[in-house]
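Think of it as A, B, C and D in the order they're written, each chain with its own count starting at 1.
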Amino acid sequence: MGILDILIILPVLAAALIGFGAPARVTALATAGVNFLASLYLFFWCRGQVADSAGYFFRTSTPIAENPGINWALGVDGMALVLVLLTTVVTLAATLFTKGDAKHARLLFSSILLIAAGALGAFLSTDIFFFYAFHELALVPTFLGIGIAGHGDRKAAAWKITVYLGVGSMVLLIGLLGLVLHASGAGGVTFDMVELMAHGATLGGATQNWIFAGLFIGFGILVSLFPFHSWAAPAYASAPTPIAMMHAGVLKKFGLYGLLRLAVPLLPQASQGWAINLLLLLLLGNILWVGLITIAERSLDTMLANSSVMHMGYIFLGVACFNVVGSSGAVLLMFAHGISIALLFGLCGKLRDDVGTVRFDMLGGLGSVAPGFAFVFGLGAFASIGLPGFANFAGEVMVFLGSFKDFGGEIGRLQVTAMLAVWGIVISAVYALRAYRNIFQGEVSAASDSRVITKGWRFPSYLLIAALLIIGCFPNLFLNLLPSTDSAVPGSAATASQTSDHHGHDHDHDGH
Amino acid sequence: MIIRRSALVILMCLEIMLSAANLALVAFSRFRLEAGLPDYDGQMLVFFVITVAAAEVAVGLAIVVALFRSRRTIDVTTLTSMSH
Amino acid sequence: MSPALLLLLPLLSVVVIFFGTKWSGTLSALVSVASVAGSLGVTLALFSTDSSMVAMNWIALGDVLQVDIGLRWDRLARGMMFVVTLVGTLVHVFSLAYMREDEAKARYFGCLSLFMFSMTGIVLADNLVMMFIFWELVGVSSYLLIGHWFTKASAADAAKKAFITNRIGDFGFLIGILMLFGLTGTVSFTGLENWLAGGHAGASAGLLTAAALCLFCGAVGKSAQAPLHVWLPDAMEGPTPVSALIHAATMVAAGVFMLVRVGFLIEASETAGLVIAWVGGFTALLAALMATQQDDIKKILAYSTLSQLGYMVMVVGLGSGEAAMFHLYTHAFFKALLFLGAGAIIYACHHEQNIWKMGGLKTRMPITFAAFGIGTLALIAFPFTSGFFSKEAILDIALHENKLLFLIAAGVAFLTAFYMSRLLVVTFLGAPRSEHAGHAKEVSVIMFVPLLILAFLSVVAGYKPVAELLQAQLPDVHWNWFVFFVSLATMLAGAGLGFLRYLDKRSEPKVIPVLANKFYFDEAYGWAVRNLQDGLAWVVRGLDALFIDGLAVGGITRLTEGVGCLFRRVITGNLQAYSYLFGVGVFVLIYFTVFLR
Amino acid sequence: MPLPLFILFSALTLGFAVAVIANRNPVTAALCLVVSFVGLAALFIGLSAFFIGIVQILVYAGAVMVLFLFIIMLMDIEEEERKHFDRLRTAGGIAVGIGVAFLIGGVLWDFDYGKASLDDVPVQFEAAITLREADADSGIVRSANATAALREGRLKDVALVGEKLFNDYNLHLQMIAVLILIATIGVVTLGKKDSPAPDSGSSGGDKASES
C-alpha cells in the first residue's frame, strides 16, 4: 500500500465516512491536510530520485485482468507530481473555504473529497482504464454538487455540464479504445501507458489521425476548448464555491494532462499535420473570442468562469509548441492557473455569501469596507493576469518563449498565433481591472457598505497566494522535475529530426 | 379486424386468424411424413395455439366486460384514453 | 556591498511594511525613507566599481532556455541609479509632510518602496525578460500609487487607464523580446550583442527592425509617447509626490533608459531609428501644443514632461543615446523640482490645482517661488542652466541628423518657454484670485529643503565636472554658435510672449478648444473602447450565445425533442390504427424476407 | 379425401368467415363463426388429424362461442348502427388484407408443387412399424395399442399425439397449464363486481368515455 495508493484511497474513505455521519468539515479537513502533507513528502522525495527510463520516479503495478491487460498501475513523473500538488493544495483550500454549517455541508465536503480522489487517481494512474475511470468518478460529485447545492438555475446548469462532459468523455473513450486496440503491439491488448508509449509511434498515419481526432476532441470538450466552451460559464456561475474551485482548478487540467501525456507523444505524425492548424485556430478562439466575451460579462462569477476558459488557450499554446520550453510552460501554467482560479472562485463565493450579490453594477467601494479582502482579491486578480512574481507569469512567459524557440527567421503559423495570443494579456488586464474597479474601488454602493465580510477566508487565501509566490519566484522547483532535454519531452519525437539548437549558431530546422 | 368497430367482433376475427394458422400447420404436418407417420410436432403447436387462444379469449372477454361496465360502450374508436 | 543590495533594500522595506508596521503609518514611512536613503548610500558607495553578477537563476531548462536575475552595474546604470535614488529620497522626505494626515499612509509608503524596488530592477536588469518582469512591476506600482485615493472614482479610473495603456505597450515589448529570443536563442544583452557582432545583422535585417520597433512599442507605452500618452495627464490624480517621482523623473524615463540600453539594436536598423525619432519629435510637438491650454498646474507639468520625453526619444532615434541620457539626467532634477514645487503650492492652497484660482503667491511663498523659478529657467533652457546644456546637445544633434526635426525641436523649445512663463505668471504674479490663495503661507521645512537641493542641482548639474562626478552620460557635442543663437531666440520669444499675454489676466484670454481638450484623444480612445471593444465583446457574446450555445448545443437538444414528439403522434390510442400498422409491418417484413433475398 | 368434399368444406369455412366480418349483428356473426369452425374441423379430419379436429370442435366451436354468446347476451349490445362508414379505416383494412394475400400468392406462385394432393403422400405403415421396433429397446415409452393399430393399417391419431406430447413436449405442457391457471385468475379479478376498476372512477373519468 504505497504512498500513491494512500493519496487516492484516503479521500474516498473519508467521503464514505462523511456519508455515514462523521462530522463533515473535520474529516474533510483532516483528510485534505494529510493528503497535502503526503504530496509534499512525495515532492521532496522525488526531487532526490532520478527518473527511470520512461521518466517515472516511482511505479507500482498490481495486475487485475489478464487478457485486456488492465492493472492497477500507479506512477508519478514530473508532470503528474506538479498536478498532484495542485490537487492537494486546492482541495485543502476548498475545504477551508466552505463553512461547516453551510447548507448541504455533507454533500459539499464529500463531493470535494471525491473530486480530489478522482483527480488524484487520474493523474497518478499509468493505466488508461483507471485513468478514464477516475475521471468519470470525479464527474458524478460535480453534477450532484451543482444540481443540489448550487444557486441560480442550477438544475439546467448541472444537466448541461454533465451531458456535455458525458459526450466529451464518450468521444474520448472512442479515441482511447482506438488507441489501446491499435497500439497494443504484440503482447495482446494492454491498457498500460508505458507499453503503449513504446508502440505508439509505430502506428500508421491513417489510424493515428482518427485516434488523434477522438482524443483531441474528447479532451478538447473536457477542457472547454473554443467551440466546446459553452458549458463552462453557466456551470461555474451556479456551482457552489468548493465545486467550482475543485472543477475549474483541478478537474479541468485532466484534459490537458491527457493531451500532454497521451495524445501528443503517442501520435506524433497525426499531431503534426492538420491537427496543429486546428489546434492553433481553436486556441486563438479560446483566447480572443472568449476573452471578448469575458469583457462583456456583467457578473463576477460568469466572468471568472470565462476567464478560466480563456486561460486554457495559453496552456493549449504551450502544448502546440511541441518543444520542452512550451510543454514545461504549459505544466507550470496549469499549476498556476489552477491555484489562481481556485483562489478567485473562493473569494467570489465568500463575496456572494456575505454581500449577497456578485453583479458588478450592484457592488462598489468594497475596498474601504473590507481592505484586507480587497487586497487579497487584488493579488489573486493580478496573479491571474500574469503579474511577474506569480507563477502564472512564469508559465505564460515560457509558453510564449516556447512558441518562438524554433523561430529561426521566417514567421511560421505558430509565431503568428503566439503574437495574437500575446494580445490576450491586454484583454485579461482589461476585464480583471474593470472587475476590480467595479467591486472594490469608487464610491461605496448600497449593497456593499452594510455587510461585513466574515472571516474564514484569510488562511486558505494566504495558503494559495504563498503557493503562487513560491513557484512564481522559484519556478526551478518544478522545472528540474520536468524533462529538460528536447528528446525526452512528450511530443518531441516529431522534432527529434531537428538539430539540437544551442546558442550562437544559426540553426536549420525542418519546416514546421 | 381493422374494419369493424365492436371489440367483440375484433376478438372473433382474432379467432379466425388463429384458426387459419392452425389449418396451415395441420396441412404441413400431414404432408410431411416423418418416420412414415404425419409429423406430429406441427400438431403439438396447433394444440398449444388452441389452448393459448382459449385463455386469450377468456381474458379478452373479461376485459371487454370490464370496459363495458365502466364505459357503457365497447366501440373501439371512442376508447382512446391511452393516447394522452 | 554589491548591487544586489540595491535590489534587496526596497524589497526588505516592502516586506517589513506589509508584515510589520502596517498599522502605524509613521513607522512604515520611516522604514521606507530609510530603505531609499540606504540605496542612495549604496549607489554612492559603488560609484566607481563596474560589475555584473547573477543574483539568482530564475528559469533553467537544461541548455534550451536560460533566464536569470542578473545585475549589470555599468556607467549607464550608475548614472540612472543616482538619479532614481536621489529623486526618490527627496520625494520620500517631501511626502513625509505632504501625506501626514492621509489615513492610508502605510499603504502609500509600501507602494513607494515597491516602486523603488521595481525601478531598481529595471535599471540593473541584464536581460530582456528580467527587464520585462520589473517593467510590469513598475506598471503595477504606478497603478497602486495613482489609485491611492481609490474611493475617488476618477482616481480609480485613471489608475485602470494607466495600467491598461502600459499593458498595451508591454504587448509590443513582449513580442519584441520573443522575436529576439527566437532569432538569437538568448535574452541577455551581452548575448544579443555577441550575436549582432557575429555578423548576422544582414541575414534578418527586416526582423531586426521589427524587433526594435516592438521594443520601442514598450517604451511608447511606458514613457507615454504619441499614441499611448493619454494615461499620463490622468495619472495626475495620484498624490503630487507620486507624480514627481514617477511621472517626472523615474518611471517615464524607464522607456528612454530601455531604448538606450538596447541602443546597439536601434543602430543596427536605421529605419527603426528614423521611426523612433519621428515619433519622439511628433510627441514633443503635440504635448507642447496641448500644454499651452491646460488650467491644472499638474497637467501642464505632465504635458511638459511628455514633450521633454519626446525630445529624448527623438535624440535616441537619431542615434545618440548619450544626449538622451544627459537630458534625462538634467530633466529629472528640474522636473522633480517643478512637481514638488507644485505640490507645495497645492498643499498651501488646500489642494487647489487650478492655476486660475491662484495668483500673487510670489509674496506669500517666497522660497517656493524662488525654487520654482529656477526650475522653470532650467526647463526653458535659460543659458548656462543644466537644461540649457542638455537641450543644446539635442538641438545640435538634430541639426546634424535631420533638418526638419531640428525645426520641430526649435518650435517645441519656443512653446515650452511660452507655457512655462504662462504658468509662472498666472500662479505667482498678479493678485490672488481666491481666498485660499489669499492666505497661502510658506510650507514647512521638510517640504522646501528638497526644493532647494533640487534647485541647486538643476543649476549645477549641467556643467561637465559635476556631470562627470555624477556618472552622467556626456554626449560629445562641441559648441555651435548657430544652435546657441536659435535656442536663445526661441527662449526669449516664448517667455516674452507668455509674460505679456498673461500679466494680470483673470482668465484664459483665448481658449482654443482643440488644444484645450487635448486633440480629442481621450474622446477618440473612449469611443474606440466603447464601440470597438465593448461593442465587439457584446456582439461576440450575442454570437456565442446564438451560435455555439443556441445552434450547436441547443440544436441537438431540439432535434432529439422533435424526433420524440414525432413518434408521440403515432400513438393515437386507436386500436385499429395499431392493428393497421401491425399489418403493414407484417407486409413489409414478408416482402423483404421473401422477395428481396 | 375426395375433392368435392374438400371444396365444400373450404368454401363453407371461407364463406362464413367473410360472413362474420360482413354481419352487423354480433349474434349472427358469432353463429357464422361457429359454422366456419365446424368446416375447419372437417378439413382437419380430412387431413387425418382427428384429435385436433375434435379438439377444434370442442374448444372453439363449443367453449369459445358459448362464451361469446353468453357475453353478448349479458351486455345486450345493440346492433351496430351504420351511422358513419369510416372510409379510411375500411380502405386501410382492405388494403392490408389484399397486400398480405398478394404476398402469400406470390410465395405460392413460384412454389414447386411437390405433392399435389393427399394420396401422393400415403402413410407408410410398414416403414413406421419397422422404425418403432428398431428403437423399441431405447427406453422411449411407446403406446402398445398405437403399434397394434399401425399393424392393421389404421392411424391411431390420438395415441400418437399423446405419445409425442408427453415424450417431447412435457415441459411445454406444464407451462401451458400454468398459463391457463393465470388466465383464469385474471378473468376472475377482472370480472369481480365491486372491484374498484382502475379507471372506472365514479367521477365519470375523463371526457373520452362520455360517448
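The definition used in the following text is that a contact is a pair of C-beta atoms (placed from the backbone, for glycine too) under 8 Å apart; a residue touches a chain by one contact, two chains touch by 3 or more.
Since the model is a prediction, treat every value here as computed from it, not as a measurement.
Peer 1: When you average C-alpha coordinates per chain, which one falls nearest the overall C-alpha average? Tell me, please.
Peer 2: Most central by this criterion: A.
Peer 1: Report which of C-D and B-D is connected by more C-beta pairs in contact.
Peer 2: Pair with more contacting C-beta pairs, C-D versus B-D: B-D.
Peer 1: State, to the nearest whole Å, the distance from the C-alpha centre of chain C to the C-alpha centre of chain D.
Peer 2: 102
Peer 1: Could you put a whole-Å number on the gap between the CA centroids of chain A and chain D?
Peer 2: The answer is 71 Å.
Peer 1: Roughly how many whole angstrom separate the Cα centroids of chain A and chain B?
Peer 2: So the centre of chain A lies 66 Å away from the centre of chain B.
Peer 1: What whole-Å value do you get for the distance between chain B and chain D if each is reduced to the mean of its CA atoms?
Peer 2: Each chain reduced to its C-alpha mean, chain B and chain D end up 8 Å apart.
Peer 1: Specify, in ascending order, the residues of chain B that touch 2 or more different other chains.
Peer 2: Chain B, residues with two or more chain partners: 1-3, 77, 79-81.
Peer 1: Spell out, as numbers or ranges, the residues of chain D touching 2 or more other chains.
Peer 2: Expected reply: 89, 92-93, 96.
Peer 1: Residues of chain A that contact two or more other chains, please.
Peer 2: none
Peer 1: In graph terms, with chains as vertices and touches as edges, which category applies: line, ring, star, complete, or other?
Peer 2: Graph shape, chains as nodes and touching pairs as edges: none of the named types, so other.
Peer 1: Which stretch or stretches of chain C touch chain B in the complex?
Peer 2: Per the stated touch rule, the residues are 571-576, 579-580, 583.
Peer 1: Across the complex, what residues on chain B touch chain D?
Peer 2: On the chain B side, the touching residues are 1-6, 8-9, 11-13, 15-16, 19, 22-23, 26-27, 29-31, 33, 35-38, 40-41, 43-44, 46-48, 50-59, 61-66, 68-75, 77-81.
Peer 1: Residue numbers of chain A touching chain C in their complex, please.
Peer 2: Contact set of chain A toward chain C: 160, 164, 227, 229-231, 289-290, 292-297, 323-325, 328, 365, 367-368, 382, 386-389, 393-394, 397-398, 400-401, 403-409, 415, 418-419, 422-423, 425-426, 429-430, 433-434, 437, 440-444, 475-476, 479-480, 484-486, 501-504, 506-507.
Peer 1: Quick check: in the complex, which residue numbers of chain D touch chain B?
Peer 2: 17, 20-21, 26, 29-30, 33, 36-37, 40, 43-44, 47-49, 51-52, 55-56, 59-60, 63-64, 67-68, 71-72, 74-75, 77, 80, 86, 89-90, 92-94, 96, 115, 118, 121, 123-129, 131, 155, 160-161, 164-165, 168-169, 172, 176, 179-180, 183-184, 186-187, 190-191, 197, 199-200, 205-206, 208-209, 211
Peer 1: Provide the residue numbers of chain C that touch chain D in the complex, in ascending order.
Peer 2: It is residues 576, 580, 583-584, 586-587, 590-591, 594-595 of chain C that touch chain D.
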